[in-house]
Structure formats: structure tokens, C-alpha cells
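Note that chain A is present in both complexes that follow, paired respectively with chain B and with chain C.
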Partner chain A sequence: MKNWIKLTLIFTLLFYSLAGVAQQQRFPKPEFGTGYHQPTPVTPEPRALVLEYSDVVILLIVLSLASWLALRKRSRKGMLWLSVFTLLYFGFYRNGCICAIGSVQNVALTIFDPGYAISITTLLFFLLPLVFTLYFGRTFCAGACPLGAIQDLLIIKPLSFPDWLRKTLGLLPYLYLSLAVLFAATGTDFIICRYDPFVGIFRMDAPFHMVILGIAFLLMGMFVARPYCRFLCPYGVLLNWMSRFSKWHLAITPAACIQCKLCSDSCPFDAIDYPTDEKQIKNRIWGVNRFLFYALLIPIWILVGGYTGSKAHTWISKANSKVYLAELLITKPEVRNDDKNLDVQAFLSSGKSMETLVNEASVIRHKFYIGCWIAGGFMGLVIGMTLLSQVIYRRKEDYQPDKGNCYSCVRCISYCPVKK
Partner chain B sequence: MENNPKNSRREFIRKGSRISLLLTLGAVGGFSARNITHEKYVWQIDPFKCTQCGRCATSCVMTPSAVKCLHAYDLCGYCDLCGGYLKPDPNKLSTAAENQLCPTSAIQRKYIEEPYFEYVINEDLCIGCAKCVKGCTSFGNGSLHLQIIHRICLNCNECSIARLCPSDAISRVRASKPYLVKGSFTNDAKG
Partner chain C sequence: MKNKGIVIFLISLAIVIIVVVTIDYISSKPGELPANPYALGMDLFSRTDTALIMFNEKRNLTINFSEPTGLCISNGKIFVVGDQKLQIIEPNGNLLKEINFELKPTCVFASPDNIYIGFRKSLTILNREGLKIANCNSFSDSTVITSITERSGIIFVADAGKRIVRKFDQTGKPVGEIEGKSGNDQIHGFIIPSPYFDLAFNSDGDLWIVNPGKHSLENYTPDGKLRTWWKATSVRIEGFSGCCNPAHFAFLPDGSFVTSEKGMIRIKVYKPSGEFLDVVADPSKFKDNVHAPDVAVDGLGNIYALDIDRKMIRLFVKKENR
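Take a look at the complex of A and B:
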């Protein structure tokens, strides 16, 4: 008990005498008489840089293999095993991170924020799949994407959807992409990573709502084949653009199509184009007028989109923590007394002036204003182009993959009776 | 088919688009490469910015959190009345559970010699709640502090704790120097 009183005394004395002296030890380190050996804190090393580079090499090998399997070997079995490997390696072993889909945000951030240095591995993860797609089609989606693989393996009874529904839902990835780039460029958030429905499954650990979302996507994926890839994936938008102009692409038939229609139901993603219906061609003159009408509408769509975006910028910018905090402190000054509001308390104790915070917040909000104009205008352009594409009839003779949307999964090939 | 002008025109447009897309990719890649880094970066907590808010325990994508309490023994005063180990106003200076501040009993108290005690963090039990850090920083030398343990950290693209940290204490650091341990950290700052 004596010790206890003594220590309390020393403690209070020292506390008051040393409280003013910063950076100094309140209680000096004792000198031990018993030969005590002081341990050192354990600080395990992070994953080695060499392993990061090996990820890029593995991606390159998987991409090459996927392209070879789709275009040359034309083997569904091979592609299936490759996607299993991708799922195990990039999914469960690497915990879904690093991934090409999320790298879009790193590239956007490094372009708009010179203070952020992108790592060479991330940049390569962004570029390699796009370059491969430009030459071989979306073989990345079939073989090298863990998110695609987990959904692809769970397709049980895929349903076919009408064209209008696919086109409408197909606008979502564009919206997701523009929001992701907007949030990344303003340094607000990486929403693609945060709302990745499958990363929780790869890690076997996630917040409750993300677990529910992940399972929901997988269950939905049994009937709606690859729901994330088709109706959400922001990287898929870029891959789609590349794939449309790809130099080579998976072909259903190795020789001439005999129009047997056997492959028509084989694609779970409705990505096979049928030969042009002659009845549609009859309305050609009307089609030209409609084409001109929709083409002239595009600038209006862009303006409407940009205007809507700029009107929403105040609301969207609240996603940024600085803007949110500044607005909260201005509109509700009473939160200053709320001890439970950690953000407000941390700001008040940081010694940062209100003026600095408001200035920073208004700079960010201005970035959001410009960004929302661009993002909104982009969405307007996408809507205008989607409508325009409805009235373009490109004459097709055969059953062939829709190059933009085809994932090169090689399912259709086994349905084709032409073997040589 | 080969000589069909319509087909060759289509082919020409496709080729042109392909080349322009390739150039765009090259431009995006080249522009991003202006501040490219060959070094790996990892997330770490600056213990001097940390306000011990407790969010590290709940915001990490890992359960339990990759953030753990680290003990900079160099700074420790080896006190009997430890502000990081004991609750305020403990009824006895003992290892009894009701006196411990740590909700998971992750701190082990060991007698060395009169009147000094050693405190060791059991990393497997620590959840990174920062209760002990708050106690040690307010009443002691501040030798207990939070660090992201890279054996557990997945190095997410964006750290989910950094996003919510009220004092912006978490940032990317070079992987060659992945910890900001308080003892060496202050020494470094001086030197």
C-alpha cells in the first residue's frame, strides 16, 4: 500500500511539473538492477515488391493463355480451368486486390492529383487488359478477371432478356464509371473497391451489408448470367469500347456459317447477333429520318445531362468528408458541443481554423461542380448514342458474337456443327 | 467479298479507330507515368496525429482489425500505476480483470523488480480499440500506440480506416520503412 501512495504522489507531481514540457518523458525510463532485457516491438514486413511484379507477370501469362484458348485452341474446358485458376489466385489468394477494375480509380486520381504517385503495377493492371482487348477481344473477362470467374462458374439457368431491358440496364456501368472517376479524381472515395460485392467473399470477411450484397449477386447470377459484369462493371465500359474495334475476335464458327441457328440460345449473356431481319430493312427511309433526328438530339442530351449533373453537385459533393464537415459546422454550429461526434471533436482539437477548412471545402466543391458537368454531359452523350444505335441497322449475314458485349467465354463454339 | 468497297471501308474505319484507341491508351498511360513510382507503398498510422477515436477497431476490412497496439519499450516508464493497463481509479493495482482497461485482456503485466512492471501486448488478442493508447497518452509517456501490422493488412487500394479517420492520421508510407514506431520515429524526426 505504501508503494501505491508513493507512486500516486510521484505521478501527480510529475504530471503537473512535466505537463507543459512536450516531447519529454513524464516518467523516465528506469535503470534496472536485475539485468532485465528489454524486448523490441515486433514489426512484420509487408509483402515483398518482387511478389507485386510477379502478379503482373501472372496477369500477362493468364491474358495470353486466355486469348490463345479463345482464338486458337477454341476450348471451353481450357477457359473454364483458367478461370478457376484466376478465381483461386487473384480471388482467394490475393484477396481480390489488386484488380484491373479498381485500377481505373488510381489512374483517375493520378491524372487529376499530381501529388498521388501511381505504382507501376497498378498502371500495368489498368493498361494490359485494355491492350489485349484491343487485339483479341474481351478475353480478360473470360479468363483473367476473378469477379467474372466467380459469377461465370455459378451460371445455372441463364434467362434471356429483351433488348430494351439490356440496353437500359446497360447504362448503369456508364453511370458507375463516371461516378467512380468523379469521386476518385476529387480524392473523395474509391467507390468501386468499397462496393465490390465479391471482395468480401474472397476475403471471407466483410461488413454485413456487403455480405448480403455479395450473396445476392451470386444467387441472382444463377439466373441472370454475370449480373455485375453486364450491368455494373465500370471497367467493362472501357473493355467494351476496345473490343468493338479489336483486331481479332473469337468466332463462333471456324469456317462459313451455315445458318443452322444451333448457337442462337447458347450464349447466357445474349451476346450473339442474329442475321438482319429483312422486314426491318423495309422501313429504311423512315430509319434515315429517325437517325437524323436522334443525331441532332445528342447535343441536347449532353446539355441536359451536364445541367442535371451541375445541379446535383452540391448534393454529390457531400460524399467528401471535408465538404461534409464544413457544411455541418456551418449549418449546425451546436455540433461543436457534441462530444460523441468524433469528426467535429478531432477537427476542433486539431487547431485548424474554420477558415482553412471552409476554403479547402470550397475548392473541392468547385472541382465537383466541373466534374459533375463533365460526368453529366458524358451520361447525356451515352444516352443519346444508345438511342441512336437503336435506329442503325448494320446488315449481318451470319450468327456472330456481338463484339462489344461478348466475353469470349467460348461456350458457343461447342454448339456449332461446322468443325473445320 | 475481298474487293467489296463497303467492306474495305468498314475495315479502314475499324483500323483507324483501333489505332486512335491505342494512342489514347498510350496518352493516358504516359500522362499517368509522369509521377509513377517504382516503390511499393503501404498504409500506416502517424501516432502523433492519432486521436485514439476507436474507429480503427471497427472500420478495418479485417475482423479483428489489422491495427494493433504496439509498445515502444524505449519510451515506457514501467510504472506500477499504468494508465494504459489499469482503469481510472482501480480498486487495486493488480491483474484482476475488473481493473484492466483492455476489453480483451491483451496486455500482459509482468513484475520485473520493485517498483517496475513490464507490459507486453498479446497481438492475437488486441483489437486495436486504442483504449490503452488513450490511457497511456493522457497519463503516461505515450509508449503504447497504434500501428498497422503488415502481416495482417491487405493493403487495400483505399484503406477503409483512412477514409473514416477523423484526424487524417493514416497515409501511405514507403514499404521500405513500413512502420512509424514512436521511439525510432521521434529519433528520425530529430535527426
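Take a look at the complex of A and C:
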């Protein structure tokens, strides 16, 4: 064991020392020409259109297969192999791009920026999983999402979270979605892609800190099943909404439930609803009062959220490079003389006037002001609805999948003793 | 607490995730981008320990050249070429003679009998009075003459363009070449990435030629056989760095080497065996990233450096306490 540690340390040191040597430049440089002409850099051709369409066809096939495996075949093994294919094709072969999760930003940008037109492929990648979810539940998450697949394959000892923690962490995807749409709509950044923890692993070219991020998520995923899907995925918010209204959702048992509870133990995502506690139903009058109270609170939550968002817009808008650069040049004019500040030097050499930059930054900041109001209000609504959902009781006789949160992974079915 | 270890592990991972995302977000803003980790920084190496500097600059002579190129000292006289002329100067700065040419000279060597002027693609031999006695044009189009020396009537011309040393007799007739390869081909020939290729005889009559691409000085027999060599590759003060150094060299009376480097300009002294000895002038004495000064040594061991950018000859004398 000690030898293993030593070898690892030696290898690490050797790697970094060799990397340093490789990066060493020669100074002074040669003056004689060699007759070699440096080729002019060319922009690589985009992926052929036919291949892009073939990706859509493959997605369609995978979604159909996933839905068939979940609803008709009810095969966990089949779903597992399908997710392995998805990981290999959409993950490692297609390098995680294009992906339905990131397409949210393209849709947002195309709505808010008249100068940007979303491609039909991207639009289909955004819409197809939603449409399938509306009919069959979240079979996309089970078999067609490479991010979900890579996490699903590493679940070792999933822990069950208390309800309050799941609900609280469950707010994060809404926040992430709000910010992702806000940033995309203002042309600031595609943060879903930028902070995708697994795309660097798929491409095998991530910067060091993103490798750390990816590994941290995968390690976490050994004990918290699909942490990214459950507590961050912004597209999961939309899928959750669609799945609640899904026409044919996976059912745990094909016949009468014998209430053995095996399925709830098998679900690593805490996505199985228990039969309704009769005591809660008996306190219904008190529950109605609480329902009315929480319902009345919702507008207040929206206002508080919107106001808080609007107050944060100045800080959040600094994520935009134009806003940040304008502020930097105003508050620290001496950076103009800093030759090492490439962003400032690039702006100065662009010929654009300071006035133009400030005007552009002002327009963007105003967009952020409105966007932060909406995003904050949306978060207020989500918090209000989450609280409200705590006092809504729907009578359930059996163990059933939580249609919004169930990934249709088919684990529970393989545990169910009722087969026909 | 159940699964305490796992919970602590998960909390640690959550902290790592938050820290990574926060650092990335903050550090990638305009103006806060991290410095280019691949940028070449020579500042660390251009600073020299003053204890190693064993020479003082005693004085300097301003010369009337717009672009001086070569320097030589012979019989107590300084020979400088550049522009389209040769100037012969006394050590006190008095101009003794000026000879004009049609072309721009690149180097000069003065023997007790003759003066050898190298141009880019030709060689001119003058007597000590400045009268032309021979001319040699038998060079190729890619020739770049950078240095000349002479011993026993044979003229050795460093051709940086062709990466060879050519030999001529006193009439300008070619009598041989030195390709810089050993007999068994184990040693690479001269590697000359830039027009800096110097050669000289020491007081023992040994021919030394710089192989700048290998950061080495090589001793050849007059017929071109490699006898011995030493090299010092390092960006630190004790070595030579970059594509091609040293750019110029000369010999002290005791056989030590005085070397001059381009890029990070340094003039240093190496023992006859090739070990680093002293610093004559460190980069702070010169403008940044300018031409390598040609160097010459007088009979007393004083070092003359042709500062091409300041257009002056700078005299360095060994400190008295050494």
C-alpha cells in the first residue's frame, strides 16, 4: 500500500515536472527562416447536417426504446444497457453536445435575442424529451440522458434524505434554471454548459478544476443517487412539470399492490410515495386553514422574491463581461495602462469608445433588472408552492411512483414480487 | 449518527463543489483572468548575484556609427566595422584611420600583417595600411559571413548561412571547409539558427568554434577534426540559453573564454576547461532584448564590448580585489 502511494506521488511529480519542461520556450528565438510556412488557421467545418439529423433520429429511437422498456417490457436490465449506449454515444462519442439540458439556454436566447436563431436540431433536442415525458414520464432521464447515465452507473450505497432536506435542496434546480435563463436571455453566458460537471470527462479535455468538479459529483453520486439530476438539473424542472401530467407513467406493480414496501427500499431517489397516512386526513380542517394561509402567502413570496432579485441585479449583472469591463474602467481607470490585462487592452484596441461601452452595459444592466425581478418572483412562487404542497394531501392507497420525481429507471419493478 | 463518515464525506464534497464553482466564477471575469501560465518570464534569470560580477566598467568610447557590427583588437588598436566603413581607433578614442566600402561589413579580424573584412557574402583582405590586397567572392547565395580569424596564412571564415567554416589562403583561394562533424558522425554539425557564428584561435594556437545551437564551444584541428568541446546549456547565469548562444566570444591572455549572449544579454568568463568563472556584465548593463555585443580582449586582459544599440565601445576591467 505504501509502495502504491509512493509510486503515485512519484508519477504525479514526474508528470508536472515534465509538463513544465515541455512548456519551456526558447529565448532568444531563432532568426533564420527555415522555409516552412505556418499554415493559416482554418475554422473547422460544422458537423454535417445529415449527421446532426441522425443524432435527432437516434435520440428519437433511444427515447422510444426507453419508454418501451419502462412501460411495456418493464426491464431494468434493458434500461441499464440502453443508458450505457447513451453514455457512450451522446456522452463520449458526441462529447456531451448537443444535449437537451443545455438546449434550455438556446431556447431562452432565441426568444430574447432577435439576432439569434436556434437550429432545428437543438430545438428538437429540447422538445422531444419534453413531449415523450408528457406521454410516458421521465424515460429520457432513465435511458437517454448521458449525464444521468454516468451518475446512475456509479450508485453504490444510496442514502435516503429526510423530507425537509430533499424539499430544500429541491429548490436548487429552480434557482439554477432561473439563472441559466437569465444569463442566456441577456447574452451573458451559458452557465449550464460552463458548469456541466461531466462534459469535461466526456471530452477528456477539461481544465483541472472542472475535473475536480466532475469527480466530486461522481463520488457524491455513490451515496447520493444522481445528485446533479435531483438537486441541480434545470431541465429536470421542466421534465418534472411534464411528468406530473404524463398520460402513461410507469406503474410499480402490474396488478394489485400487496404493500410489501420492497419498492420503496429499492428506489435510490426517494421517488416513491407512500400510502396516505389516515391521521393526516383526519386533521383536514386544520389542514384547510394552513392551505389557505400558505396560498395567501404566495403573492407575498413572489413580491419578496422579485424585490430581492431586483436588489441583487447590480451584483448579478457583473457576470456580464461588458458590464464588468465598463465598471472596471470607470472605477479603476489605471487599468488602461496595464498591458497584461488582455480584456482591457482588447477593448482599447477595438476602437470602441467608452461611451458606447457604457451605453451597452446600461442596456444589459436594465435587462438584468427586469430579469432579476422575474427570476426572483419565480423563485418566490416556487417557495410558496413548495410550502403549499406540504399541506395538500391526496389519498393514495398503494405505493406509487412520485410522477414528478420518478426517473422511470425501472429499479422498483424488478423488486416488486407481483409480476402479473 | 448513522453513516456519520459518509455524511462528513458528502459535506466535504459539497464544499469542494461550491469552492470550485465560486473560484471559477470569480476568476474568469474580465480583468481578473489568471496570468498566462505559459508566458515566458525571464525576469528571474536576468537578475544576477552581484557577488559574481568581477568586472567594472572603466570607461566607454562613443563611436561614429549608426549600426556598428564587428570589433577586433590587435597590436593595441581597436578595429570597428559597421555601416559601410572600418575605423581604426586608439584605446583613448583617437581615430587613426577610416576606410570606406561599398557594402556593409559584418565582421573584422586584424592580424599583425593584414586586416580581414567580412561582408555578408564576400571577404576582403587589406594590408595594415588599408590597401586592398585580395578579394574573395566564391560564396553561395545563402552565405552569411559572421566571423573571421587567421593562423599560419590560412583564413578561417564562419559562414552562418551555410553552417560551415570555410578556409582560404591569402589570395582568397578556397583551401577547405570544416563541417563540424566528427569522424564517426556521432556529433552533429554546426547548428546555426541565427546569424551568430563565431570562431577564434587562443594563445596556444587552438581553433575554437561556437556551435550556438548546442550551446557549446568546440575545438577543432586546423584540418577540421573535432578535438574537444564543452557546453553549458542553462537559463541560469552559468549557462547559455535559447536558440543559439553564445553569440560571440574572445580569449583572455590566460586562455579563458569571454562569451557574449544574445536575447538575455550577458558577458561572462569561462575557464579554459569550460567551467563558469565570472560575470563581466549582466543584463542590467544593456537595453532589453537587443543585439549581442561583439567582444574583444586586449593584451592586459581588459574586455571591450561593442554596444551596438548605444553605439559605443565599453571597457570592462577586472576588479582590483580579485
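One rule holds for everything that comes next: the second predicted complex is superposed on the first by the 374 of 420 C-alpha atoms of A that agree within 3 Å, B and C clash if a C-alpha of one lies under 4 Å from a C-alpha of the other, contacts with A are read in each partner's own complex, and residues count from 1 in each chain.
What we mean here is this: a contact is a pair of C-beta atoms (placed from the backbone, for glycine too) under 8 Å apart; a residue touches a chain by one contact, two chains touch by 3 or more.
What you see is a predicted model, and the numbers here were worked out from it, not measured in a lab.
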item	value
Touched partner set for A:102, first chain B, second chain C, both or neither	first
Contacts of A:119 with chain B and chain C, given as first, second, both or neither	first
Contacts of A:57 with chain B and chain C, given as first, second, both or neither	neither
Which of chain B and chain C A:342 touches, first, second, both or neither	both
Touched partner set for A:330, first chain B, second chain C, both or neither	neither
Which superposed partner A:350 touches (first chain B, second chain C, both, neither)	first
First, second, both or neither for A:318, with chain B first and chain C second	second
Which superposed partner A:33 touches (first chain B, second chain C, both, neither)	first
Per-residue touch tally on chain A - higher for chain B or for chain C	B
Which superposed partner A:220 touches (first chain B, second chain C, both, neither)	second
Set of chain A residues, in rising order, touched by both chain B and chain C	23, 25-30, 32, 194, 321, 342-343
Complex contacts: residues of chain C adjacent to chain A	3, 6-7, 9-10, 13-14, 16-17, 20-21, 23-25, 29-31, 33, 35, 37-38, 40, 42, 160-161, 192-195, 235, 241-245, 262-264, 289
Chain A residues touching chain C - in the complex, by the definition given at the top	23, 25-32, 157, 159, 194-195, 197, 209-210, 212-213, 216-217, 219-220, 223-224, 318-319, 321, 324-325, 328, 335, 340-344
Complex contacts: residues of chain A adjacent to chain B	3-4, 6-8, 11, 15, 23, 25-30, 32-34, 36, 38-47, 49, 52, 95, 97-98, 102, 105-107, 110-111, 114, 116-120, 123, 126-127, 130-131, 134, 189-190, 193-194, 203, 205-206, 241-242, 244-247, 321, 342-343, 345-347, 349-350
Complex contacts: residues of chain B adjacent to chain A	14, 17-18, 21-22, 25, 28-29, 31-42, 51, 53-55, 61-63, 70-81, 93, 112-116, 118, 120, 123, 139-141, 147, 149-151, 153-158, 160, 163, 166-167, 175, 178-179, 181, 186
